[in-house]
Amino acid sequence: QDTSPGIANDTVKIGISGPLTGPVAALGAIADGIRTRIDPINSAGGIKMADGKTRKIELLVEDDGLDPQRTLTNARKLVEKEEVFALVATAGTPNNQAIGRYTTQRGVPNLFMYSGVHELAGPEWEMGFVPSFTTEAAIFAKYLLDNMPQAKIALLFLNTETGQTFQSALEGAISGSNVSIVAAQPVTSADPTVETQLSTLKASGADTLVVITGPKQGAEAVRFATESGWKPTTLVSNIAASIASLKPAGLENAKGVITSQFLKQVNATAPGDDEGVQRYLADHAAAQSKFSTDDALGQSGYAIGDALVKVLESMKAPTREAVMEAARNLDHVQLDLLLPGIALTTKSGEDVYPIESLQLFQFDGTAYQPLGEAISFEGKTPKH
Amino acid sequence: MELFFQLIIDGLASGAIYASLALALVLIFRATHIVNFGQGEMATFSAYCAWQLCEWGVPIPLSFVVVGAASFLLGIFVFRAVVRPISKAPVEAIVVVTLGLFVSFQALCLWVWGADQRAFPSMFPSDGWDILGVRVTASVLGILLVLGCLAAAIGGIFRLTRLGLAMRASAYSSEKSLLVGIPVEKMLMLGWGFAATIGFIAAVLVGPRLFLSPTMMMSILLYALASATLGGWDSPLGAVLGGLLVGVAESLGATFLPFIGADLRVVIPIAVTLAILLVRPAGLFGTATVVKV
Amino acid sequence: MTILTVQGLHAGYGVADVLRNIDFAVERGTIVALLGANGAGKTTTLRALSGLIPSRGVIKFAGTDLRQCSAARRVELGLAHVPQGRGTFAEFTVEENLAAGAYTAGSKRQIAQDMERWYEAFPRLAERRRQLAGSLSGGEQQMLALARALMSRPKLLLCDEPSLGLAPAITQEIFEIFRQLNQEHGMTLLIVEQNADLTLQFADTAYVMEAGEITLNGKASDLLSDEAVQQSYLGV
Amino acid sequence: MSYIPKSWSAPAALVVAAALLIPIFAPDFMLFEFSIAVSYGIAVLGLNLLLGFSGQICLAQGALFGIGAYTTAILNVSFGMDPLLTLPFAAIVTSLTGVLIGLPALRLQGLQLAIVTFGVASAFPQLLLKADGITGGVTGLATDQPMAPQWFPGSLELWLYGLSLVCAAVSVLLFSRLLRGDTGRLMRALRDNPLIAEALGVSLTKARLAAFAASSALAGLGGGLFCILNGFISPQSFLPMKSIDILIGGVVGGITSMAGAFIGAVFIVFVPGWTTDINPALGGLIYGLCLIGMMIVARKGIAGVPIGDGLKALRRRINKRRQSRVPGILPGQ
Amino acid sequence: MAVQAAEENSPVLAVDKVDVRFGGIHALRGVSLNVREGEICGLIGPNGAGKTTLFNCITRLNTVTAGAIRLNGQALEPLPPRQIIRMGIARTFQNLGIYAGMTVLENVMLGAHHFSGGRFIDALLRPGRSRRIEQELKARCADVLADLGLGDVANVLAGSLPYATQKRIEIARALASRPALLLLDEPAGGLTHGEVAEFGDMVARVRETYGVTVLLIEHHMGLVMGLCDRVEVFHLGQNLASGKPEEVRANPAVINAYLGKSR
């Protein structure tokens, strides 16, 4: 079989396009996380792949500032000039949409997109990573139906694909029950403050606050709920719930916050005895990565890097088809940072969602404590 | 009704945030006739430095004082390094230079401290009071108080002192100022220094509310520009009142105007500004100039 | 004793020099007239002296070499320049203009005194203390420019066409003021004027410029009777 | 000194030569980037018309660019129109919108106009989201795949590049017609002193709105082209920073130069990428410093330096010589 | 001849009890003034008397608070400023209203702009037509420049020329609009005596060749007395005196308020 571009006997080139600068530069930690995972492998000689060769991974990172058009030019530059083998962790929903047609036509794998919306423009050559926002909506709904069957929800959502997908999924999941959304307020990532929205939500008389926004608005919401004397049950999407991002709101204010997670908790000062976490911390130190160890985005990047390694390992031929084949047929693949009980599973033609399980956690003022086991939606991720 | 008053308070709270940056923008405009788009980013950089000192264990007040003074030097440095060489360039070139400052300082913060948001220490207690069902927090009152004093002080300096007059003159026309013996360059340098310090104070005020991050000030730039325009670019007090007006209008409009809603709230500052400019072309407190040929 | 010595002065705008190798001197306590046709370079000379445009050559003022001095420093040294046309701060009020003029001057009391003095001399300005200078009439602005320059209590006043736009009666008055300043305070004046008859009556000495060079100089009274001068500059 | 011959000077010749040589050297992906740059260049040209020649600032140029792009996309997606045929509509629709945005310009100038129009730019993406019925909201719109016609021998990229050049040529033609003769003089009069212009019988309303209309039409054309090139657009591509980028392009290129518009566009498309290539972590810082350095070295924009400056100096020298022949006193007849 | 004509004809410009206030400043308090066809009318008065303000009212840059201004019987107040030049009134500005960054010819062509120019659609779609118009305009303006002795500097940047030359460019620009009434605001400022005399000749010549009526503000008494058919004096926003130059010069009120003792 022919060898695809970007892969040689000893190297494979992987391209990343993401916002390294600008207002959402925080997402740049994803690329950094991937590098954190890949560096030690390269120093150890490379990845031993299923076609029998050992290859080093060459990462090429381009900045797109989250502008879809720049993502497209980056993708083209990476594919045509740098001749990468595959793209990884392209951030942003519209950004992946913008390159969908191109990657499909060229037959370039666009693996582990960083977007919670999985049904995009080029299904054949694309694969997401983080759980669909619909999964998170479902698990939040499940929690409420089980514990607060009369809950009146106030929803604060990011007015992008992210929030809109989540909102409709949540509505679907609670329909027919006594749980209801009594108020919903959009935020945009350009909003400097969200107090107006929160005041309105508070005035709606809701007893539950669901927050699906970026980290900044999430932290503001958590602070507001305490500061204003409103004490709703607060559920925060994992995009916004990492301890690092809640810290500015005051951790004491975040007490009681519930979130759903697929990544392990990392506490650099008390790493515990989890091997995966220890490896992550060691790699992080060795790579001198910029993001802080408890940065959820950096961790996600690390997990994506890990997944990439697993996929490349199981690739049977040096072709792009083979890598898609491998990515589409993941069978309970464990990653260092994935919570116990959560693994990557995909099935060609049926299951395009690698992670479909989430575990609920509650913040106790210093750390997240699990609320029960991981809940699996394997094979039943709601479509939107 | 409670919601209505609560929203006014919320509006004042966010308005105070806009006003902080607006004040720094107005100051630099008054002192140099430049709108420094990088003002907020320079302030963010200063705030990061203060935060870093605190992290290293320097007491908060001390670090604020030290960084406040250092910001003054930063302003002077920026003036000498990048503004003075183009002081005679056309205005659009100067605009691009300030955009360059904007990009550079933001990137600098990003590079040194990363994109994560940080907790910035607050100067005010975290108390709050319920007054007839409306929540008022100490930090909002504190910010408003500090801003009010600053605006009055700056306005006073510009209006009433020899230094203020000289700074205004230098900003207005360097040639005419030189003719009366005003050391124009020194004045502009002072202007940059003061503006950087005021910018730092603004960042100290808003930091705890917006959380320290490289893009902290960028998110309020448009609002601050609108506030300054609304209040009149030559009036510090106008900038503060403009900010509050924008904040309240935004808060109420986003909630009570159904066709706007929270997702379109960004149109409110501009709509309000436009409406006021059409009635008072120089802004609420700006002085209209007369040009004769 | 000379207060101002100019030797080999070259100056201009951009490429070619307007002034070529100008030499002249001004005696302390005198009134000197600088005459010349349009475009001869009189304004350029004054701008070079006050440092508004770069120049080459020697300018010595009261013993100091002005080449090292910025325009602002020159004012501190006692050189004031009333520019041609409207040189006031249009965005400032009349009062602020005068205050700015006193930037290098001494005490608050002295400034207040001077202000009152010039308000007295130009009652029109006194009426309009709070009016923006930009909205004054042309002549009013001219008075303001003059008063503003005098606020710095200069040793040497460079005056570029002070009568421009002024009514005859006011022009007369201004020259009287010049004479008074000169006699009572020993102020030196270098006046560029098209109204040559009047200027030469008040001046002690005069220079005539043509095309960037000084072509004639002498006692003002001599020039008044010089035929060439009469032809082109005097209304006889 | 008419502005047209000046803009047609050395920089223009260089830009034209470069534009024609690019397809020979540039690989496909780069040709694509150049095409994108040309589409921005057309919008920058529009801004130059407004800012450089009529002295009005509009910081909503990115939004207008977006309106052009959305016009093309909507006509294609909802009405099945051939993307190429939508371009005139993109220009016209944007032009009308531009006139609306220009209305405040009748009362406001300078800084205030800049800020109000920047507000429009900030609101634009949110408006797109609000009108998701026709704009597709956050999902954006995917238009028909651009395709080279059967008879075209080259690659798709070459075809698109050619298309971009044709659009650019049309824009430049219209631009120079507007700036030639009376209309151009009028706009410059407006820029330099509106009060006098009005006393000379210039209708400020008409001239200002005309400038806005023409400038926006160019932005719209550029936007439509941008949409065709990408085949997909979403609000994320038309954030307020885009307007700032276009402004930077204009100023860096030189706001009174046609060639400068395209030089500036190439700058904003390529330089941010280059600076991150130098160092991914420091890219932004390098870019920022680059902007500052650029302005310090070439304050009138790249097109104004060094050839432009030399020419100007020469012209000044010639003028000077002529001038010295003017007699000091009134010449008799 | 002109003097006689002035007495026979009805006024071209009739200013009737015009009042202008700027906030608290009462700049014109019911001034009246008639200018007759073909005459050169001088307008003098102390600084701040309101002369320029009257010009601004005529050209609609200022609004009158009360009173009326008519040109050949037609009221000017309802017109927008840009219509004034089409009515046949052209002016110069006291403090130079030229475009320093344009060439002399361009400046003058702007003055003739209202004949044909400024059609944006034509510029875009009918380049032939606009080019032809441009040529005509250029030829016409070149003539005016030649008439005023500015032919040599037609292509020089106006801003780099001496002050007096710039004032002359303004006059050329005003003439290029083919006005019936020419308003000159201190056109002789900054001229030497010799130049003033020549300038007077030029204005007289221009009146003949272009058939214009002139209203002239000037502080240069020599020029006013020699050139004007009639002189009007303003003081503190009111009419102080009017009449033949010699009469006005001898009027004690005028001497007191304006001319000063020694003249």
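For reference, chains read A, B, C, D and E in written order, and residue numbers begin at 1 within each chain.
Everything below uses one rule, namely that a residue touches a chain if its C-beta (ideal position, glycine included) is under 8 Å from a C-beta of that chain, and two chains touch if they have at least 3 such contacts.
What you see is a predicted model; the values in this text were computed from it and never measured.
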| item | value |
| --- | --- |
| Relative to subunit C, chain with the most remote C-alpha centre | A |
| Chain located farthest away, centre of subunit B as origin (C-alpha) | E |
| Winner on C-beta contact pairs when A-D is weighed against B-C | A-D |
| Inter-chain centre distance, subunit B versus subunit C - centres from mean C-alpha coordinates, in Å | 43 |
| Euclidean distance of C-alpha centroids - subunit B vs subunit D, Å | 31 |
| Between subunit C and subunit E, centroid-to-centroid distance (C-alpha), Å | 30 |
| Averaged-CA centre spacing for the pair subunit B and subunit A, given as whole angstrom | 36 |
| Residues of subunit D touching at least two other chains | 122, 126, 129, 193, 195-196, 199, 281, 283-284, 320, 326, 328-329 |
| Where subunit C touches two or more other chains, by residue | 37-39, 135, 138, 232 |
| Interface hub residues of subunit A, defined as touching at least two other chains | 21-22, 159, 188, 190, 290 |
| Complex contact set, residues of subunit A against subunit D | 20-22, 61-63, 65-69, 72-74, 76-77, 79-81, 92-95, 97-98, 100-101, 121, 159-161, 164, 188, 190, 290 |
| Residue ranges of subunit E in contact with subunit D within the complex | 59, 61, 81-86, 91, 93, 97-103, 106, 109-111, 113-114, 116-120, 123-124, 127, 130-131, 133-134, 137, 147, 149, 152-153, 155-157, 160-162, 165, 168, 173, 177, 192, 194-195, 198-199, 202 |
| Complex contacts: residues of subunit B adjacent to subunit A | 2-3, 6-7, 10-11, 13-14, 17-18, 106-107, 110, 114-120, 126, 128, 130, 135, 137, 209-215, 218-220, 223, 250-251, 254-255, 261-263, 265-266 |
| Subunit D - residues contacting subunit A, complex | 27-30, 32-33, 36, 122, 126, 129, 137-140, 142, 145, 226, 230-237, 239, 241-242, 269, 272-273, 276, 280-281, 283-284 |
| Subunit E-facing residues of subunit C, complex | 13, 35, 37-39, 43, 84-86, 124, 128, 131, 135-140, 142-143, 161, 164-173, 194, 196-197, 231-235 |
